[in-house]
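Labels run A, B and C following the written order; every chain starts at residue 1.
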Amino acid sequence: MKPAFILAAVAALALLGFSTYEALYVAPTEALQGEVQRIFYYHVPCAWVAGLCFFFNFCASAWFLFRRNQAVDAFALASAEVGVVFCTIVLITGPLWARPVWGIWWTWDARLTTTFVLWLIYASYLILRKFATGGQGAVLGAALSIFGFADVPIVYFSIRIFRTQHPQPVIAGGENSGLEIHMLYAFLWNLLAFTILGLVIVWARYLVQRVDQAVEEAHKAAALRESAAGGAA
Amino acid sequence: MSVAPGFGTVLRMTIGKDLRMEWRSKDAINSMLFFSLLVVVIFSFSFDPTAETSREIAGGLIWTSFLFAAVVALNQTWARELRSQALDAFRVSPAPPNSLFLAKALGNMIFVTILECLMAPLFTMFYNLRALGNWKLLPVIAILGTWALVVNGTFFAAMSIRTRIRETLLPLILFPISLPALLAMVNATTAVLTGDYSPIIWIKLLTVYDVVFTTICLMLFGTVINAE
Amino acid sequence: MTTPAQPVATEAKVAVSLDSIVKFFGRFVALRNVTATFAAGRLYVILGDNGAGKSTLLRVMTGLLKPTSGAVKLLGEDPDDVNPRFGYMGHAPLLYDELTGVENLNYFAKLYGMDDHVVRDAIRTVGLDPDLDRRVGNYSQGMRQRMSLARSVIHNPEILFLDEPFSNVDVKSAHDMAALLGKMRDEGRTLFVVTHQPAVLEAFADEYIMMSSGQIVERREEHKA
């Protein structure tokens, strides 16, 4: 395994350890919400990482449609998978946080709906890739990714418009709305830790995919060679 | 010697062919009609609201049933091409792929619109609907909304025929992407029915959605159809 | 049908050239480093066992399949650029069952920018009645294959690719079609025919191409008296 990767992985875990300590012990307890508020230190960074991954996937997909490069496709797949995982975490931690604090599991506000739609789009992306025949999954998935990327801002705005006409209490304030200084530190450390962690996991998944691709190529090369030997019958 | 065929000619011929074929076999129309009727009746049974409430929820119910009916149609159009494998003959010819896409999309548009024209009166009857707002906006909303569903649906149906789980994959991909359009359609319709607020912002959103996604579909269709 | 506009000057004009064509389906090698040139104006009969790669070769030559690696040139160009100059008759009839023969051909003629009047001639040339008001779905296999042949030549192509045109076809239809193919070759067209029934084309074939396991293993000229 590459030394750079090991270094990054160790750094990620170390950072995560530190940021967890910050989040669970150092940061003060929130006055109104109590201990459960600490989910915030995981929930928001995971959302950020998921968004980043999906953005990477869009860039890789667009690039892949121009230049059919296997490495780029591996990166697209890796970022999509990791994005879906982090998005799942967001969708689970969100309701867990909302229920005790605001009394409701879910509401169709702009942020939540957009997150859910993103999750649906990328879950269908993964299914499309898995079930496409031949080698078409990469191309079809890339096309879907373009659609998804165009759709997300429209989703966000459509719900915003909806909520101006059908207002509801907003479920959570903005990430930086009046955070006490120690909480802000804890939050930023976690943001950093999760970003590094996310990148490391994407990197790892990318490497695995590249190995898979190399194995496929090796099988193909072997099949090509053996026929050349036994084909001139 | 043959010449490159005109885009409009291919479009016209393909739509004509599809409509003629549909008229003869009545595959899609029959299943769509029956399914939609079923949906209208079931919804009417399950939700038996007062006149006040019915105007609130009718928009959602109507568009849900149109959506389900549209998915049935969308699966059918490409299934026909698959049966005859005529897609190969099309790809081998100099006809532009986008003309095929638009022809399929417009054909679907015609089918679904016919369906809507049949179902809307039924809904109006069952729910005793009366538009308190500007009813002339309803056809506009219907056209923009139906196109939003059909244009993406035709594209995704073309993609899903290349997978092993055709019919299941189409709604799976289509629904999340169509969410903002659905929201716009439902809210615009409700706005017109209840007269409580203006549907204009939703109509604008639908227009933007239609323009954006029609462009993306036309840009990417060639890639997808030749992805063998 | 009229003869193609471009006169075939010499035997040396190349219809199709293949350079190191490799095609994978997953891990299965369908075509292994196929390199060959095919001169124009000849009728090539492609033979081989099932899975030898005959249909795949045809699809690669028409541009329906892109090779995993290697280059295909049709009349010196990329297949996608010369669509009007070649015709393809696939294993499936590539016709719409719900339409009549004339309706089918009218549609395909329009895809090539041809006028309607060529349709009836094309149908007569393959020995069918253009006024037959029957849906293709109700045709016999022989009729369907003839109609598919008409569809593939309606735009007067210089090259014709046929994938098992005689499969499940009655003897008379097969012989009529074979004679038609021979006549087209005499007019200067190039034909590639994949078949399991080479006897039908015995009188007309110029060269036999034997394929096995994704390679061309033998090319045998037919010397006619």
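Observations on the structure shown:
Operating definition for what follows: a contact is a pair of C-beta atoms (placed from the backbone, for glycine too) under 8 Å apart; a residue touches a chain by one contact, two chains touch by 3 or more.
All values derive from a computational prediction rather than experimental measurement.
Every chain gets a centre from its CA atoms, and the centre nearest the mean of all protein CA atoms is that of B. The greater number of contacting C-beta pairs, out of the two interfaces A-B and A-C, is seen for A-B.
Work out the mean CA point of subunit B and of subunit C, and you get 38 Å between them. The distance from the centre of subunit A to the centre of subunit B, each centre being the mean of the chain's C-alpha atoms, comes to 32 Å.
Subunit A and subunit C have centres, each the mean of its CA atoms, that are 50 Å apart.
Chain contacts: subunit C has no residue touching two or more partner chains. Touching of two or more other chains is recorded for residues 228 of subunit B. Shared interface positions of subunit A, i.e. residues touching 2 or more other chains, are given as 134.
If you check the complex, the residues on subunit B that touch subunit C are 1-6, 9-10, 13-14, 17, 20-21, 24-25, 80, 83-86, 88-95, 226, 228.
Partner subunit A is touched in their complex by these residues of subunit B: 152, 159-160, 162-165, 169, 172-173, 175-177, 179-180, 183-184, 187, 197, 201-202, 205, 208-209, 212-213, 216, 220, 223-224, 227-228. Of all the residues in subunit C, the ones that touch subunit B in their complex are 4-5, 62-66, 83-84, 86-88, 90, 92-99, 103, 106-108, 110-114, 135, 151, 155-156.
Of all residues in subunit A, only 65, 113, 117, 120-121, 124, 127-128, 131-134, 136, 139-140, 143-144, 146-148, 150-151, 154-155, 157-159, 161-162, 165 touch subunit B in the complex they form. Residue ranges on subunit A touching subunit C, taken from their complex, read 134-135, 216, 219-220, 223-224, 227-228, 230-233.
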